[in-house]
Structures are given as structure tokens and as C-alpha cells.
Amino acid sequence: MSRNIRFVQGNEACVEAAIYAGLSFFAGYPITPSSEIAEHLARRLPQIGGKFIQMEDEIASLCAIIGASLTGHKVMTATSGPGFSLMQEALGYAIMAEIPCVIVNVMRGGPSTGIPTHGSQGDINQARWGTHGDHSIVALTASNHQELFEVTVSAFNLAETYRTPVVLLFDEVVGHMRERLIIPEKGELPLVERLKTSVKEGVDYHPYLPREDGRLPMSDFGEVHRYNVTGLYHDMWGFPSSEPRVVHGLIRHLVDKLENRVNKIAMFKEYFLEDAEYILISYGSAARSALHVVKDRRLRGERLGLLELQTLWPFPADIVRSKCSDAKAVVVVELNMGQVLQSVKIAVDDSERVFLANRIDGVFIMPEDIMNILRLIQGKGV
Amino acid sequence: MSRNIRFVQGNEACVEAAIYAGLSFFAGYPITPSSEIAEHLARRLPQIGGKFIQMEDEIASLCAIIGASLTGHKVMTATSGPGFSLMQEALGYAIMAEIPCVIVNVMRGGPSTGIPTHGSQGDINQARWGTHGDHSIVALTASNHQELFEVTVSAFNLAETYRTPVVLLFDEVVGHMRERLIIPEKGELPLVERLKTSVKEGVDYHPYLPREDGRLPMSDFGEVHRYNVTGLYHDMWGFPSSEPRVVHGLIRHLVDKLENRVNKIAMFKEYFLEDAEYILISYGSAARSALHVVKDRRLRGERLGLLELQTLWPFPADIVRSKCSDAKAVVVVELNMGQVLQSVKIAVDDSERVFLANRIDGVFIMPEDIMNILRLIQGKGV
Amino acid sequence: MSRNIRFVQGNEACVEAAIYAGLSFFAGYPITPSSEIAEHLARRLPQIGGKFIQMEDEIASLCAIIGASLTGHKVMTATSGPGFSLMQEALGYAIMAEIPCVIVNVMRGGPSTGIPTHGSQGDINQARWGTHGDHSIVALTASNHQELFEVTVSAFNLAETYRTPVVLLFDEVVGHMRERLIIPEKGELPLVERLKTSVKEGVDYHPYLPREDGRLPMSDFGEVHRYNVTGLYHDMWGFPSSEPRVVHGLIRHLVDKLENRVNKIAMFKEYFLEDAEYILISYGSAARSALHVVKDRRLRGERLGLLELQTLWPFPADIVRSKCSDAKAVVVVELNMGQVLQSVKIAVDDSERVFLANRIDGVFIMPEDIMNILRLIQGKGV
Amino acid sequence: MSRNIRFVQGNEACVEAAIYAGLSFFAGYPITPSSEIAEHLARRLPQIGGKFIQMEDEIASLCAIIGASLTGHKVMTATSGPGFSLMQEALGYAIMAEIPCVIVNVMRGGPSTGIPTHGSQGDINQARWGTHGDHSIVALTASNHQELFEVTVSAFNLAETYRTPVVLLFDEVVGHMRERLIIPEKGELPLVERLKTSVKEGVDYHPYLPREDGRLPMSDFGEVHRYNVTGLYHDMWGFPSSEPRVVHGLIRHLVDKLENRVNKIAMFKEYFLEDAEYILISYGSAARSALHVVKDRRLRGERLGLLELQTLWPFPADIVRSKCSDAKAVVVVELNMGQVLQSVKIAVDDSERVFLANRIDGVFIMPEDIMNILRLIQGKGV
């Protein structure tokens, strides 16, 4: 059992979780503060028979894992904001072609090269809207290493279940912080394996023909079936089409397969929400300070609660609305200028009771920062 | 006078407007449905002593115009969704380094290569959130060629005024449609020229020290002053800094220079809003059908109005809220799954009276489509 | 005319206004930041035949002017917080015995000796509640010297009209700041003179028998009529009574003579309130920064307004409620921990849209401080 | 056991409780209706080795006990409204210098000398706001002698725990009424003793450096440590400072040490609140009639409840709001013109459902008075 307890950085926890989930192919290009993920995988993947490739840039990295995924591998790449921006075109391809893959973005301050070694949560809306055209996506996050491990495993599970890219949005604070991690025993966390087609060799395989449950079985590319993979709107054989019915059907499929399951995909934690007058909504490292504030204020009898989001996209609007329906005010705590704030404003009935507690100067938000903003929101001044 | 009246595609109108505004450097890579912009400029720019370069890809194209802008030129590139996705990393650099430049995205259906020769308005939120990190941006659009001309000139003016990239979000319908354009006489439309520093050679020039009015004078790169240009957070000399006060000050500057002037930057047209019970909000080609509906219904005595947005970012939330404050319902008409819809929902007091009239199958939205949706909203059924 | 333009401290403006209003007797004990009032009056009063006495402490000072007022003089004393605390017992006597007098409190930071030479607005609620028992009082303030002059004249007018102590709550910033003052010509501002009884010598005079209009004529003490003056509940002759009907009648009279005329006594200024979405409520020096913010934001098209209170007590609740009925949020700007804030919260319908923008560290609140708090209140974060 | 049962005035119950709590020094000046407290202590304190001093006035009385407290004694003074007004300046000093002391105000009608031998509850807001400057304070009350005993012991405990003056706001009715009192055995009620510093002689002692739990250990003045005690803003050594950070930190400390523990400090009793449609809020002698009404109406099946406050300051707003959240109407029963009424209005969400049942004519409020007002509130007319 002692073998399974580690004192690690978040980036290393992510590596171990990916391996636990079945990762066998990683391609990447190093960038602070994500580089430890590549470093550890360069050592760990060969130990278990997997492949690690350092690519010439982030575009190549994402394209490499898309190809590897098509051949039947569970795949991942890791980067930070600037690299994630470079990946936007290939990300749209993966969405359109329904390629299971996991992309880690350990966020630093942006835009551009910004502030490499300081934390930020500035890429939340980019994960949703960074590539062009209507689409949907899954993005997850975590505030501590144990949950980061579980969330990373979930990322692979969701990617395989829905044939979709899943983005892991960690932040520099979580990525670089060291804390205890208990690696679960094999079997402790459920794993979703690639759904392979049962269509035999020589029989017509339709890569985009959904089963009754909506899932699309895959056939390892280069093996027994020949089929087309494209970024264009396509029919059930994967061949391009601009037939309005086909276009409409495909785009609705790409969006609905995630948005219609938003409550199933939603992972979150709640603390003291039942009778909360003031609800903090937070995620990632910022949620650590938010939780501290809530526990501290509860000791004093104040009715504060925390909703910690682990699924950021598709945004769990119904859950947020229902949890916040009785709150006097909702305070989104995040390390940016108000990105989840926008989704919360759309979700709740009365957007004027939604406030923002944030920092944007590269310094981690402390409980005191949140409490000072709470005072102002409560109309108590400085 | 006859010389000034043309019957052109929207893409050609854009070219003539850019030249009118002072464009002297264009770099690009062809992509449908924007290619006519490059084609025409390849012919037109040499005629007026400007430079046209075809680059190896869209990343190189944006980087080339960033460099040319720094040397004192008014610059532009043009692309469509996939190319715009590739530009996201360099776009963040231009935002951070405050480089005046104009980027045209003639939108087609996405994600990925999608549906090249059909119209869409699916890249609205990408224009705002496509690059990583907190930032702001200007994005403009137009629904007819005369306004497309004016809006293009405004794009150059805003880029120079605020030292910012400006995105022109046209759509395939507008880009390819032919209609009459009267090219204004020189002087008819005001032009904003590059604000050059008055600091002499040999005197310390601060590229990021605002004047009293907030504007940052530039010095042609490679000429008399040496200074640093970086994508990192930087001080007034352009040198990297992770000092929290500097980081906070810079990010607020980058955002506030646009968001605090949202009402000044806002361009829009309004039709019959004063007493409108139902307000359509639309933009680009979709606004043509919306306007048709409004005019048609007014003839029947129905109190319908149209707010046509030309400035999409920064989103003119105050204007939308104030124009819609007395409306029973607001219907956003757009060729996507509801992107401006989200901004309108945040802007108005009661998001439950905001509806969407759209098409996502590559077919242009017709007045009849809008009218059918209106009936449903009015509780009149199908 | 040039004789009437001065460049003076607020304290000197107060002195000139008091003389303009008819002040002929001042007793006081020096305390920063009010001392200049005593200094200037020590020179000015003898010039016009008035009397200046420096007393041994603040208790004696208030008692001295109470006595002088009874003999027919317009009277004033001036102090700061610690002295005002010492005056609370005699203040109650003046309220009960209905003695016209003006008490200036040039506020510094408290409690106790606090921070003598820095500004504060921490004595607002003390002016209302500092003496024991149910009662009402008039308290006025001003943000610039011209208005300070007018408000000081009003203080004397209200004291004489309602036979009540009037408190002038200036703050250190206004008291010590120098700016231009145009002293009005005689007759330009209306003056209220002592209402003397028309009852002749030898005829029974009732010092507490109201005329039809509610006013109580006075008879100079020591002159032709003998009557009783007491701090006990008393009848119309001034003799003590604990008869419930008399007690009830007297306390209602003391309170109603002011509270029922709250809208008449209310002095205030308004800026851009008609269509304001966000209303600042401020007073005294803090209102200078608040006005700056409002004007600055209006230039940018934001719908901000300012309600500047000059009458603090009786609190003009109806006016505040009606002015703020359409505002999204009301922000009280004051140099304390939220004193007028409380009155505003009671006045408006929905106390949860009332916020506080304040400083409590002895530093003057700057427009930037207000704007930062506004951002948080608007849910825009730091 | 019989020795411990008494039939006493409230004032005598207060005396016995103070001695039980450890009182060893009392200084005072007699005033109706508090004089019996001084009378009894003049006899009782010498019996137990304590000191009783009659001072020349109330200012001297409070100053004397402040000094005695600093030397290590538990101290008290007692007065009524006029004396309490005189104490306001020294009260602010005790707040600023954080001197544990208990001040009893046995309220009579005011303002001024008012109505000495009749009851009133007119000094509630004065206890909070009587001294100048922002501050906080503890004020307690009771409606019967057994609770008056316990509340008095709590007053000493809170004074020592938080190094703060505590005001006991009794009223003439409670002070002079005789009823049964069982004096608790030693140890039955917990006592808080002075927290003495563990810093040895010759080692630097910081009188204003909080321990980890926020408490400030004291050192008997005149003993082994020399330190500064001032009414000015001061640093952790007690030396004056006008440094904004120090000023802000001290004022927040003075306020937060009480306001942040409002729920801990809150003492109250509740009767039939669970399902109450109409909630009476009362305190002191008035709560006796309110309780009578509630019990009487419950017998008739009416859903009436009573919240009796024992802690008046810091005002337990959260508790009031939460207890009243489901009530149709809240009726504050008090012997003044509506002082706790104001705090209740700020506390509850909808201030328009808060009503006042009071008397202000010196006559005790009877159950019938309350019932008449209730009828009107319930829309049943007179």
C-alpha cells in the first residue's frame, strides 16, 4: 500500500492518472508550466510499452495524437496557453472528425507569452470558443491532486464515451504544487475502453452511423476497414456533403451528444449549500481559497456555501441555477477577469446578484482577498 | 462621379475600403470564401506603391503584417475560419504588443474545414475568445456593401486609435454577393493616421507610456529609436515584468482601452425601435432578412423593430439593454447556434424574454424563417 | 465686489457665514481640525461688536452659548469629535429646552483622540444618537466653500425657525482645504431672525405654548418675563411634569417639529439622476470625488448619477427612496464604515442593492477608489 | 440553600452578579434610577476587599474605573441617561485603548433630565453611537432578575474576553421592580478571568499584539512592563501612528473583534417561533408584556411568537433575519420611538412588514397596548 502514496506535483499526478486510465501515446512540445507532464511521461511511457514523442511544435503534437487515436490508442498532449492557441485549428478537426483525445492546458497568465510561471485561469472561454464554428467540447478541472487524478481518468473516459476531445484545464498553482496523492488500486476507478466496431472485415463499416444508444463504434485506422476522415461536413461514411439535412444533422449531433448530457457529464463538489445565503462558485486552485473562506465563516455562523465546479464545459447551467436559487448573492471566484462569471450570469435568473472575486496580477487569490470582496458585496465597504 | 460607382462583391468592396483607409501592406494565404480579397489586392496594392505578399500559411501571414505594422504601415490580412484558428497565437501577440492591424474573416460553416462555400456566422465568439488569456478585441461586421466599405475604413481607424488588432467578421453571403457600391470621395470619410512619437532621436522613447489622453505614440521600428516588443507582460519600456502591479496595470490597460470606450466604439443601426414590442437584433447578411421582416410587418401595423449591430466586440451591452428595456421579447437573428444571443442575454435584465431565430444548415435565413419563429414566440403556434 | 472674493480655508468660510447670518456670541475650546474657527472669530467678533469667549472645556462652551442664546443672541460653538462627545449631555438639554444654537463639528478620525489631522466622516450617527433619549436634530454638511457658506447660514436660519440645536458636520478635508469663496452681498441670502414674543411685560408669557404655525416665540431671558427652563419634561410654562399626556405631547412635539418637515429641511444637490442606472450618494468632501467619477463616466456614456446630501438629519428618506427607485444599485460614498449607508438602506425598498464605497484609513477617498469598488459591485472583479 | 434565594430589586441583583463575576472596583456618581447599585456596592465591596469610590461626576467615574482596570481589576460604574451622555468621551477612550469595563445604564426617559423615575428604553442607539468615530460595542439587557444576574456576569466575561467596554442597558422598571432571585453557586456560571501576558519582566511586551486566537494579553499597569496607552490610533506597542495601514488595521480590529463574533456574542430567548405568523421582538421590561401576549394568544390558537433579545449590540442581524424569514409581520415592542425597530428593518429582507408597538409617555407598555396594535397590523381595525 505504501507504494501508492506519493508526494507529488499536480503535473505528476496527471501523468500517473493518464497511465492509470490507459494512456499509450503522448506527443508534445514543452512549455512552462506544463513541461513536467512531458518530462515524466518521457520516462514513464516506455516503462509500460507506450510511446512518447517530442514534436516540433504544438500543432504537430495535436495532429500526432489525433492520428494515433485513430489507430486505437488512448492519447494525450499537454501544453500551456500559447501552445493551446496554436492547437485551435487541429482541435476543430478532432471535434468534427470525432477523435477521442485528451489535451492538458496548464494555464499561465495571458494573452500571448504573458507570465509563464505564475498561475491564471484565463483560458476557460478559449477552451469553449477557441476554434471556429459552432461546436461543443468537454473541459474539466480540479483543485487538489486526489481529484486531479480522478478528473484526469474521467477525461479519458469521456473522450472515449463521446468520441470527443476533452480539455483538462489545470492551472500553474495546481500543476506545480506538491501534495499527497494516493494512487488508487487497479479497478478502484472505472475505466471506459474504446468502443470497437463489431462489423467484420469485408463488411461495410459506417464510421459515423450511430448505434441505438448514440455511440459511434470505431475501427482502428489502417486495419481491416477503409473509411474517410475529414474536417468537412460529412455523411455516415465520412464523405463530404453540403446537403442541408446532412449539415444540420451533423452539427446538431456534434453539439447534442454533449449538451444533452450536460447533467451526466457534470462533476462538481458542494459544501454547505443547503441553507447558504452567499454562494461562492469556484474551481481549480482558486477553489482552495474559496473553501477556506467558507469553512472559516461557517465557524462564525455565517451562511456561506461553495459550489466547486470540476466540469467547466459543457457548462452545468441547470445545476448552477438550481443550487443558487435561494442565495442572496453568488460570487464567482476565479483567476481571470470573469469567464465562468459569464456562464453563471446566463444560468441564474437574476444576473445582477452575481459578483466576481478575482485576481489578475499573477498572484494567487488568498482567502483574505475573497473576504474583502465579500465585504464590499455585502455593502459593508472596505 | 461615374468612376466611383461599382457593382462588386463584398470582398472587393473590402479591398477598395482598405486602400481608401491607407492600407499599404497585405500578407495572406488564400482560403474560400475570402480569396477574392487577396486576388484583388495582389493587383491593386502594387498600383499604389503598396506591398502584397502571399505567405506559406496563415500564421506567417499574421506575423508578417505585425512586423510591417511596427515599421509604420497600415496592414491587413484576410482569411476564413480555419485560417483564423491558426492565427490565434499571433493574434494574442498583437493584442499584448499593441500592434495596429486588421484581420478579415469571411466566415464559412465550421468547425474545421466545415462547409467552404456556404455562409455562416459561427466565428463570433471565437473572435472574442479564440486566443488564450484575458484580453479584449474589436470586431466589426456589415450587412451591405456601402456599410461594409465604411466599416472597413473604421476598422483601420480603430486599429490605429487604440493600437489594437481589429477583426472584420463578414460572412460568405456578404463576401460573395454583388451589389452597388459608391466609393466615397477622398476626405468624405475621416481617416485616423498612425500616432507617431514626438520624441527625438537620442531621447529615451517609452513605447508603452500612455499620453494624457491614453494613446500610445509609436516609433517606426528600425528607425531612430531602439525598444523592446514582447508577448510577455511588460513595463513602459516594453521589458518583461512579473511585478504584480505592472501585470495588473497592463492587463487592465489592454482591456479598459476598449471596454471603457464601448459606447464610442459601438456602431449600429436602428429601425423602428422607439415603440417596438418585438425587437429583432441581427448583423451581417442575416440582418438583411431581419430588416425585410420588420418593414413588412410595420406595413401591417405590428410594432416590430430592428437593432442591427455593426460593432460585435466590445459588445455594446448598455446600448442593447437600453434599446430593449421596453420590449416584450427580443429575437436574435443569426446564422449560428446562438452566439450573439449569449451576449444579449447577459445584457438585458430578463434573459427569459430573449429568443433565437437561426439556421445552421448552410442555407441563408429567409424572412419566412424569421416570421415562423416569431409566431411561436408570440404564442401563436406553428 | 473684489472685496468679496476670498481664497480661504473651509473653517474661515464658516466664520464669515456665521457672521453674515448674525452670529454675535461664540464660546469654544480649541481642538484640531476646528481650531481656525475659534482663531478667526476671536479676531472677527470684536470687530462687529460680538463676544468671543474661550472656555475651560467643551461642556462649558456649549453651556455658555445655551445661556447666551436664551438672552437673545445668535450663538455658535465649534469643536471636533472628542469635544462633541463631551457636549452630548448639554446637547440634550438644548434639545429639550428648545434653545437655538449652532454646533460645528469639524470631523477627524475616531473613536477617542483618533487621528487629529486626517479627515473622516465618522460622527454622522453620533450627531443623531449621541445624547440619550428619543429626540430629533438637524445636521448639515457641505462639500465646497461656497455651499459651506450657504449651509452655515441655513444652520442659523433652521436653529431660529425650529428652536433647535443645529449641528454642522464638516470634515477635516473641507475645513482645511483652501478654495475660492465669494461672500454674498447683504440680502442675497435670506436670514431668519429670532421670533420674539409679542406678549407685553406684565402679561403671562408661555415659553412652550406654540403659535398656530407651530413656532414658539421666545422672550430674552433676564428681560421682562420670568419663566422656567428645564431639561425635565415640562408643560407650556416650562414647569416639570410627568403627566403621561404632557410627556407624550412634548416628545412628539420635539420630534415632529423636525421629522414632519423633513422635505422642507432637506437640502441636496443632484447630478444626472434622471436616467441613472447607478446612483452614488455622498456628502462633504467625499462628494467631491463622487462627482468627479460621475462626470468622468458620463463622458464615456455610462449612466451614473450623484445625489449629494447637505441635510443629513432629519434624514431625507422619502427623497432618497424616490430618487433611487429606478436605479440598479446605490453606492454610498463616505469616509466611515457605513453610517449614512444605514439610513439609505432603511430608505430604499430593496436594501440589498445598496453598497458602500469608503475609506477608513485617514486617507481621502479618491475617484479611483470609488471606481474600483464600482467595478466590484458591477460584478466585474478587480 | 435558603441563603441563596432573595427577593430583590433588579439593581441589587446586578450588584450581586457583579460581585459573583469578580468585581473589585466601582466608581460612580448617584443618579435615579440607578442609585441603588452604588448604595449596595458601597456596603458590599468593602466586605469582600473591593474598593468603592464616589466620584465628583460621571466623567471622573468612568475615568477612574478605566485606570483601575488597567491595574488588573474587574471594574464597573453605573448611571442613567444624563450620566451616560457625560461618559461618551471616556467611553471612546476605553474602546480605543481596549479597556475591559462594565457600564450600567438604568434607563429613564430622555432626552436631558427627562423623566427620572419612569421607565424608558430610549438609550439603545446612544449605546451604539454615542461616542464619536467608527467603533463597535457590546450592550446587553434583561427582562427579569434571574436573567439580569446571568447577563451581568456575561457582561464581565465579554469585557475580559474582548478587552472592551460592555454596556448593561436596564430600564427603570426592571431596576426598581422586586422579584425572586436565586443566586447561583460558585462555579455554576462560568467566569472569564483577565488574560495576563506570559511575557516576563525585562522582555519586550506588546500591549496590542494579538495572540493567534485574536486575544490581547494584558499586563497590570504599573507592574513589571512599561507601555503606552493612548486614545490615538496606535501600533502594537501602543504608540501613536497615522500610517494608513496601521489606522485601517486598528479600526478593523476594533470593529471586527465584535462584529465578526456577533453570533457568538448574541444572547436571546425564543418562544413559539417555529411556526409563528406574527413575531414580536422585544427586550427588557417590555418583553414581559410581549411574552404575556404571546402565551395568551397561543391558548387561542393564534400563531404568535416572541424573540427576546438580550444582546442588543452588536445587533444579531443574521439571527433576526433567519428567525423572521417566514413571518407575515414582525412587531418590535419597545419603550421608545423605534430604535431596535431600525436595526430589525435593516436585518430583515422586507422592511415593510416590520411594525412598532410602543409607548413613550413614561407609562409601562401593557399586553393590551400590544394587542391593540396587533389588531391594526392584522387589518382588523381599531
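By letter and in written order, the chains are A, B, C and D; residue numbering begins at 1 in each of them.
Criterion: a contact is a pair of C-beta atoms (placed from the backbone, for glycine too) under 8 Å apart; a residue touches a chain by one contact, two chains touch by 3 or more.
A quick note: this is a predicted structure, and the numbers were derived from the prediction, not measured.
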Cα superposition angle of subunit B on its copy subunit C, in degrees to the nearest 5: 100
Distance from the mean Cα position of subunit D to that of subunit A, given in whole angstrom: 55
Computed distance of Cα centres, subunit C from subunit A, in Å: 60
Chain centre separation in whole Å, for subunit D relative to subunit B (CA means): 65
Multi-partner residues of subunit D (each touching 2 or more other chains): 248
Chain contact graph, described as a line, ring, star, complete graph or other shape: other
Pairs of chains in contact (touch as defined earlier), listed by label: A-B, A-C, A-D, B-C, C-D
Interfacial residue positions of subunit C with respect to subunit A in the complex: 328-329, 337-338, 341, 345, 351-360, 373, 376-377, 379-382
Subunit D - residues contacting subunit A, complex: 248, 260-264, 318, 322
Residues of subunit D defined as touching subunit C within the complex: 59, 81-82, 84-86, 88-89, 91-93, 95-97, 105, 107, 109-118, 120, 122-123, 125-126, 128-135, 230-233, 242, 244-245, 247-248, 251-252, 254-255, 336-337, 339, 342, 345-346, 349, 351-352, 360-363
Residues of subunit A defined as touching subunit D within the complex: 300-303, 382
